[in-house]
Every structure is written in structure tokens, then in C-alpha cells.
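Got some structures for you, see below.
One chain, chain A, links the two complexes that follow: it is found with chain B in the first and with chain C in the second.
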Partner chain A sequence: MLQTARPTTTATTPATTTREGARQPDRRVCQQRSGQVRQDGRLMKLASHGIETDLPPGWEGRIGVRTQPSADTRAIGDTSEVPHPIVHLANFALPEQRGDFGSGAVDLMGDDDVLVVLFEYGPECANTALFKRQGIPKDLAPSMFSSSALQRTMPGQAGCQIFFTEAGRAFCSYTVLGRQSSALRVLPQANDTLSRTRIAPR
Partner chain B sequence: MTVTLPRRTARRTEAPPVDLAEHGIHRDPVNHDPLGSATFSQRLVQRAAGLFNRGTTRRSFLTRTAVLGSALAVGPIDFILKPGSAYAYTCGTCSDGWTAFCCTINSGKNSCPPNSFVAGWWKADNAAYCCGAARYIIDCNATCPTQCACRCAGGSCDGRRTCCNQFRYGQCHTEIACYGPVVCRVATCTPPWRYDPSCTTSSATDNKTVNHGAPCLTTDCGGSAIDKKYDALGGAGGFLRAPTAAERANSDKRGRMRTYQGGNIYWTSTTGAHEVHGDILKEFGKQATVNGVLKYPTSDTLTSSDKKSRYNNFENGRIYYRGGIGTFTVPKPFFAKHESLRGVHGSLGYPIRNVTTSADKKSRYQNYEHGRIYLQGSRVVEIHGAVYTKHESLQGVYGPLGYPISDLGAAGDNRGKAQWFEKGFIWYTPTTGAHGLWGKVNDRHIANGHVKGYLRYPTSEPMPVGDGRGTYATFERGNIYASTTTAGFQVHGAVLDAYLNTYGGPQGSLGYPTSELDPAGTSGGRFQQFEGGKLRYNANGTVTLVS
Partner chain C sequence: MTAVVVLLGLVVAVLALLVVGLLRSHAEILKRLHQLGAGLDPDNPGQPASPPPTPVTSREDFQVMPQVPSPPDREEFGGAADLVGVSPGGNEALSVRITGVEHDTIVAFLSSGCITCQKFWDAFAKPRKLKLPNGTRLVIVTKGVDGESPSSVASLAPSGFPTVMSTQAFTDYDIPGSPYFVYVHGPSGRVRGEGTGPDWDQVSSLLSQATVDAGLATSLEGRLVAKPDADAEREARIDRELFAAGVAPGDASLYAPDQAQDDAADGPPDHDGDHTGHDHP
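Now for the complex of A and B:
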């Protein structure tokens, strides 16, 4: 059963432009999520599953958890699987059909587009060697990006994965730039969005 | 306009390591960007091809590069000079940007190749490859430092790439931070945490990959590896009969198992699935199964070539079953020693007892039909045949020889054999049999060249003379005498005859020898000293008492 968190307004930063994307939820995929809707002059708060962010003007986002497979839904996985929250934030219109690390969305990116994914892992991963960094990254720099650090390499694009633990929860932050040479222009937006993102203990 | 496809050339100057670990970025510092090393001309081709890749279907590389002129016409100079790919991108223009499946690059095996590790996974729902169930894709990332270079899998631009994409899904082996590019992908219908217990159950999904395939991949509808093994063994109609419990993960977090009425099946990603049943299973249970020394089975139950036994191989040993005799475990390191001697077909034969701790607590040992293997610390030594029988007759490790410290080996004279013990030797030939030497008698035998010396092989052990003082041993060509107050000395030939028959031996007037016979050619004659006098060996072969 789908549960949708209602966006709320928070601040009064003037909105710039926002491209509207499809907003119809994929009921099979997500149990719970919230979507940003542009409201001029307001930051949109997105909050669900202990993750909260204030989307800048021109950005949209989703926080969701995929459906837990059951004995009757072998087609979507094993009953032992544990889906965790996934956050997709972008300065372009997100398509409804997206892979957890943004496939489907990255195909649509323009040169000044940026996609930020926060993918959560189980608590057993927190503070392990891979996730030893503490705190959500808010200081992405062009030097961190690589044209090879992509789930699927796309000409011109660049990516950066950062594994971290925040509030006892393990995450991977995956940021994709539509065009690597646009990093200096778009990374401040991504950093601003990440700075407005908060993760609470489970 | 036509363009000549640039050949892959040597990489530009190696980039310095870029270690971003403090930021939570764990890409291999020495292979920070496998796509980033490129010549100008390679990047030129890539940029041109990349331009046309966007929004188009897959085209051949040549088709796209043939319109390089158009690309340059619409592409500003920064398009050409952007950092990025070379060969890999060139390859990428005729692939889809994804990494190849492991079976394409790993000799047909759908598993991670050497120098890579299971680093993460995702699934695609409703997969035809898994008969409608979810299909799991497991990434094999290169271990650090990366040992591979970005290229097209199989060297063909029709294939996907390998060692190019520095991406990590991150659910597996989280104790390993550093990772190189994805070498290849394993496709399976088995959930990854069952394929490799280091993987967590944190689910990731990418349904756009559901139809990714390779010629070496087939549909997989048979359930887990344990299920497939069970089916291959005849399922419920086979000797395992019906399952008695659900498949489960073992407490070692490494493997899985399932129990059946007629036996068990155990599985790990490295050993595969193998059954263990009957008396061998009972013995495996006594050895604490996978939590004991043997670990996981590496074979089903097999029959020995001599038809006398059945056995299962395990990661750390073997269990033999012999009807009417017993079932015995040969664990590591006994197993390696036994196998080095041709196993049950060699000099030791079959085990007849499990490994036992010696009464003095100094060793562990295992008895075989024709001998024994001792483990002392890290030293593993076998003893067998007539030498073993002799050693045992001399009270074994508690007797005058103590523990063996070498295997039985050639004596170096192309005739007999020798085994070294803590306090002496046992020497063996088919004609003399096996005899042990120790103490002062052994010291003299060694000093005089042992079996390559004059005396050759012993024909007795050191025996008491009967006077409460001394011992002696007989050899093929003489004797050695020693006492509490004298060292061991060899007496042989005519001197020995006179010593024993004329002067009464060590209990006679001469007592024990106190020197060796002077060597041939000694000026002034050849003498041998005794406690009670001196014998002279004359040139005519006679012996006289000098004093």
C-alpha cells in the first residue's frame, strides 16, 4: 500500500526554474515516498524514513523504499531481501522508471544536470571499513569525480561515490554530473542540496 | 571525411596516486580513473563517437567515426579536450557502457576471476533468465592494487567492457574498503548472500538490466546450488530421500547446508555443493562437521580405485569408510603426508584409527595399516614397515630412540634405508633387517661413516655386555663397544676375533677398547688400545698382545 509523505514549505528562497516531470508514483516499486512539487518562493521539504531535505528551487526528489518481496512475489526477489530507503535528488525531471543508482535518469541528463543518490544499507554495514567516513558529504569537488566512476559509463558524464555512516546508518552517496566539464557550475547546487539533507537515527 | 582509427598506444605518463579515502571515496588510488588515460587522438575519436552515441541506437564504431568531421563541426574545442576515455571509450562506443559478464572473460566460468572480489549486487525483477523470478547481478571488482587494464572483453568491440567502470554497489565484503574497477559481473538466480555470505541482504534494484545477457549465460530455473545437487542425485527418489529441514546458512557465515533423510548437502561458493552420507556423515559429525578441522566437503562420496573403501574429500582432509573395519578421518596435515606417500596405495596403507594424542602429550599421531604418522609441533613424520615394527619393539617414542624426526629415506649407498630419531637411527636392509642404534655406539657408527664406513649395517641393537658397565652392537663387519667410562670404539676383523676368542672380550683381561685400530700404513705398526692392554695387528694378519 502506497503511503505518500506530503511536501511542506519551509523557507522563502526565491525559486528559479523547475522543469516539471512525471509525478505518478510507481505503486509496485515504492511503499512510501514523497515528491517535491514546485512552489515559487519556497523551499520544498522532503521527509520520509528518517531522511529530510529541503529542495532548492529547480530541484525535485524522491525518498522511497521498494516493496519487500514476499512468498507470493518471487518475481521481485527473495523473502530475505531487505529494501532500505533510497533518495533521488536532481535538478532535472526524474523519470518514473529508475534504477536505484539512477539508471533511466542518467540517460536523460543534459550538460548542466546533476543527480544525487543516497542509497542506504543495513545497519550491519555501518562503521565498517567501507563506511568508516562519518557524516553526509557536503563538499563535493571536481577532483572527486571520474568519468569511470559510473555504474554505466556514458560519454561526457562523471560520477563520484562516497560511502559514509551518519546517525548509525550506512549510506552511499552517488552523484552524477551530466557533463564533467560542468562540475564547477553544478557542484555548488549539489553541495547546497546535500547541506540541507539530514539523516536521523533509526 | 574519413578518419584513421588510432591504435591503442602506450598510456600517457602515469598519473600520480589519488587517494580520496579520507573523503569516503575508496576507488583504487593508483588506478583512480581507468578511463582517464588517453592520448589526444584517442580522446578525439572518443569525443566524436560519444557525441553520436547520445540519443542514438548502437552503431558501429566506423560508422560513427566516419562522421567525425561533422562532430568536430558542431563540437567546440572543449568537447575534444574534455578529460575522459581512450581505448575504453572507443570500445564503449560499440558497447553499451556496461561491464561484461564473467563467463565471457573467465574461461566460461560464471564466477569472479583471480584478483577480484565480490563487491556488491543488484537485482532485476521478472527475469526470463530465472524463469520469472528475480535475477541477481553480482559485481566482481578488482582488488587493490588493480591488476587489470580497461579494455573490451574478449578484445572485441562487440563485447562489453572489463576493468573500466569504477563503481561499487557495496553490499559485499564491506571490510574491504579499497576497490578497483568492475572486472566482470556474475549473473545468478541465487540470492547473493547465499552465493557469498559476505554479502548483506540490503536490496538494490535496476530493472533496466533484466535482459542483459551473454552467449555463455543460460537460463537458471533450478533454485539454489544445493537444490541442483539434490536434483542431480535423484532428488527424493535418490539415496538422500526427502529433505528434513529447509536449506540454511551455517553459523560460520561462509556456507550453507540442507539435511535429508539419507544425508546432507553442504555448499560454499568456493567448494560448490557436495553430499555427505552414511557412516562418513556420522564421522563428519564427530569431527564437528564444517566447524571442525575438515571444513567443507569438496567431493561427493567416491569409491577408491582398489574398491576397498569409499571416501569424501574435504577442504582439510578426507574421511575413509571401509565396511567391517571402520570409518576414519585423515585430517590436515596428516592427509598431506599420507598423500605424499601415495595414500592408501602407498607404504602406509589405510588409516585404522583416528588421530590420537600421545600419552606424553608431546605429539598427535595416526595409525595406518603399515605404519604411523606423528605430528609434533609443525613437524609431520611418517614411519612404516620394518622400521616401524622395530621402533615399536623398542618401546616406540618412549624408548631409547624417542620420536622420529625424518621420514624413512635412502641411506645413500644404493642399498639400504635409514630413519633419523631424536636419539639415534634405525638402519634397514632386506638382508640385515631393521636395527636401531643410539648412545655411544651410535655416535661411533656415525663418526666412522655409518653404513658407508667399514662396519656397514647393524645386525643388532646396542645390547648389555652383562657386566653392568657396557654395551655393544654387532654389525655386518665388526662390533662397537662402549662403557660408562669409555667412549664407543669399533673392533673388527682379526683384532675382533682375538679380542673375543683369545682375550675374553670386554669382560676379559683387556676390558673395553679405548681407541680405534690404527689405520693401515701407520709407521711402527697398527695398534688398538684397550683398558687392559694393547693389541697389535701384524702385517701377516695375526694379532699379538703387546702389553
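Now for the complex of A and C:
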């Protein structure tokens, strides 16, 4: 999995299982960590790590924790950091090779595609100045998007980054539009998806 | 003289022997044909008997290679469903849209234990050699943590394709065993083909055939149905536009000048001779 640089967090949450790493989980651990998944008609419920969403038609998603960097794994990053959950929601087929903030996926986006990333930071960040906004942003507007807000500049694309705290957990909401001029058409979908997403306390 | 008579007798005897042999051979052929049901219908003399019914191979008699599962006990394709499950490592919940999307999907149902599946795991580790059809996505499905070892699946799962652990998916698609493959048309969400084989080349060929067949059927549908519809729609649109412009049915501007002159010479159609309210030139 591609990894992108991000702030090192110092939270003391338990180490998570790894995908490529030496610490492979047994079945019992998997059942605990995988969360609840089920299909509810055309809405797909996806839940894990205290985050739950009902994906509307055409959307798919991932909720997971990336591999913790270590000497035994290929993951990039500081070995002292503790990865936190990352949510990727998109109205297009998500590739498996993705970075935390969507690198690898944004390259494949079409004009009407939108990618929503919810990236959790350590609990010490919750309710700090940067994360003072409360609640998941569900009212994204075209004026909030800019090409300069992209983590990786792509022609025609635009991004929007909002930091917030929900249920005592600090998050960054990062949304990418495949084409900025399509904002009016695709943002209602993104807002709808975000309004169906819930975050529970740790 | 005696020698000639003896020689002639021998020749006759040999010929008689040949004739008897031919007659016996002919009788044997007729007997075999009769056993197969050919010949005259005894209930309807003079009419040839109806051909015997084509023997139908039952599902029990259908033989497949020991490495691949038998076909499911149903006449039609199974249903398609979106996939929800967990990643092989168990640290990620994932959902994959199969229906209602623009792209088609090949759903590969595999197991970490079966020997034949190993060939597919190996093949999927080299995406460039798969030669997937354009606009087609490959998704691998194994049973969930209740039926598979996550660590085993994690060690086999390719990095380039989504791997979903979901026992529910095996039920949704009515999968008879592993390995098994289902080709789903994304926009309609319908299964276009399904089956299995000992290696990817055979499965790929099977799925390609299903794709070509479906594409051909769609193309033929378009030729047979869409064109008359388009003609009717065009005619209706032209009528609406003419009427909006004040050109009603029978308007002189609809006809060629020569025809209009001929019509004028012959008099207006359906003219009842009532000249009140207007004058002729």
C-alpha cells in the first residue's frame, strides 16, 4: 500500500494488526477488529473501528488501519507512530494501492468522481484549536474547494480539508473532486454520504 | 473335363459362402438398427419411426475434473450482489460495488486450501499477464473468518486486486465450490457468465466468450429495435416542430412546387365547393 507522509501521532492506542507484517492475527482477533458488516438493500453498511457508514448506490468504501511501520514491514513511516483509522469513501472503484490521503486513487478519478477521506489523529488532538469544529462536515459547498488544497496537485481537480472533533476523536475530512467544475453536481452525493457516516466514542 | 467341373463347383461354393456372409452381415446391421429404434413404426406402417430422443445428461452423470466443482443445480445464472466483508489481514472493513456501476466485474471465488486455487492465486499475483477485458475489474472473494484462515488468505492475496472475505457472498452468488468465477455486467447488475476451470487461461476464455456473446446480443438488439424507434421519434419530433411553426397537416408548403401546382390545377383535396369566406384566384 502506498503511504503518504503525515503528522506523527503519539497516542497510546493498542497496536493494530498488520497486513503484511509479522504479526498476523488469529481468527478471534479478526472477529473483534473487523467490526460489523452487512448489506442493507442498496445501501451498504460498513462499520469498523467505531466508524459506521451507510453507503448510497454507486459508492464503496474502506475503513481500516494501515500497517504499522516496523523493521519487518514495508510500510513507510516512523516506527514509533501508532496508526489510526482511515476511511476512504468514493463513488468510483477504489484501487488497492492507495495512500492515506488518496494518492493512487486520485490518479484514476473521472470528472464526476469524488473521494472522501476521514483521517483520524491521536486523541490528544481532540478539541484543540485546529480541531475545534464539532461534528462531521456535511455541508460541503463548491466555494470551499480549491486546487491549492490538494495533497497532490492534479489538473482540474480540487480539494477541501476540514479538521473537526466528533465523539472525542480528532479527524481530518479531506474531499477531492475529479473536476472542480463538477462540484455542484457531485457535492450533494458527498454530503449525503457524510451525513450517513457516524463516529462512536473510543 | 472333370477338372473343369470340379473347379467350377469350387468357385460356386466360394461364391455361395461369400453371399451367405454378406447376408449375415446385413442381418446383423438391421438387427442393430432395430435395437437403436430405426426402421418402420409398428403402430403406423409405412411411416418412418420418429427418431429416438436425444439422450440427456443428468447433472449426476455430468463429469468434471476432480479439481473443479460441479455446476450448481439450477438452470439459470445466479444473482449478483455487492460485496461487503473484511480484508485478509482483518484490519480493514471493505465494501465493493458490483451492481449499478459502469464497469463490469469478474468475481473470483477462491479458497486458501484447494490445490487448483493456488494456480489462480499465482496468476493474480501478475496482473499484467491476466489480460483482463477493458473496463473490467477483478475482485477476489474467500469465505469469511468463520471458514478461512485470515493469515493464509493474507499470504496469498495479491496486492493489486481487492480481496474480500465474506461467507455471505458465497450464498448470494450460489457458489458450488472453489474455484468459481462469475462475470457481472455492472450497469444492469446481471450475471453474464459463470463457471470454472483448471487454470486462468481456460476461465478467461470462458468469460471472454460470455462477454462477446452478450455484446453481440446487445448489438443485435440495438439494430433491430432502436432504429424503428428512432425513426418514429424523429417523425414525431418533426411533426411537433412543424405544428409549432404553424404548418398543419396538408399545408401547401409541405409539397414540392410541381406537386402543389398539380394539386392546384386539380383543385384542393376534399373540397366541398363551399366558397363562402374565401376566394379562389
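What we mean here is this: the second predicted complex is superposed on the first by the 150 of 202 C-alpha atoms of A that agree within 3 Å, B and C clash if a C-alpha of one lies under 4 Å from a C-alpha of the other, contacts with A are read in each partner's own complex, and residues count from 1 in each chain.
FYI, a contact is a pair of C-beta atoms (placed from the backbone, for glycine too) under 8 Å apart; a residue touches a chain by one contact, two chains touch by 3 or more.
Not measured: the values here are computed from a predicted model.
K.L.:
May I ask you to decide whether A:Q97 touches chain B, chain C, both, or neither, giving the answer as first, second, both or neither?
P.N.:
both
K.L.:
Is A:E81 touching anything from chain B or chain C once the two structures are fitted on A? First, second, both or neither.
P.N.:
It touches chain B, and chain C stays clear.
K.L.:
Looking at A:F164 after the superposition, I want to know if it touches chain B, chain C, both of them or none. Which is it: first, second, both, neither?
P.N.:
A:F164 contacts chain B only, not chain C.
K.L.:
For A:K45, decide between first (touching chain B), second (touching chain C), both and neither.
P.N.:
second
K.L.:
Would you sort A:A149 into first (chain B), second (chain C), both or neither based on which partner it touches?
P.N.:
Touch partner of A:A149: chain B, not chain C.
K.L.:
Among the partners chain B and chain C, which is in contact with a greater number of residues of chain A?
P.N.:
B
K.L.:
So, does A:F119 touch the first partner chain B, the second partner chain C, both, or neither?
P.N.:
In the superposed model, A:F119 contacts chain B only, not chain C.
K.L.:
Tell me the contact category for A:L184 with respect to chain B and chain C: first, second, both or neither.
P.N.:
Touch status of A:L184: no partner.
K.L.:
Between chain B (first) and chain C (second), which, if any, makes contact with A:G61: first, second, both or neither?
P.N.:
second
K.L.:
Counting contacts the way the document defines them, which residues of chain A are shared by the two interfaces, the one with chain B and the one with chain C?
P.N.:
29, 97
K.L.:
Within the complex, which stretch of chain A touches chain C?
P.N.:
Interface residues on the chain A side: 1, 16-20, 24-27, 29-31, 33-35, 37-39, 42, 44-48, 55, 57-65, 93-94, 96-97.
K.L.:
Enumerate the contact residues on chain B facing chain A in the complex.
P.N.:
That would be residues 18, 20, 22-27, 32-36, 46-47, 49-51, 53-54, 78, 82-85, 88-89, 92-93, 96-98, 122-123, 125-126, 132-134, 150, 161, 164-171, 174-177, 181, 191, 193, 200-209 of chain B.
K.L.:
Give every residue of chain C touching chain A within the complex, in rising order.
P.N.:
It comes out as residues 81-82, 84-97, 100-101, 103, 137, 145-146, 149-151, 154, 159-162, 166, 168.
K.L.:
Over in the complex, which chain A residues touch chain B? Could you list them?
P.N.:
Listed in rising order, the residues of chain A that touch chain B are 29, 66, 69, 74-78, 80-84, 97, 99-101, 103-104, 119-122, 124-125, 128-133, 137, 139, 143-144, 146-156, 159-164, 172-173, 179-181.
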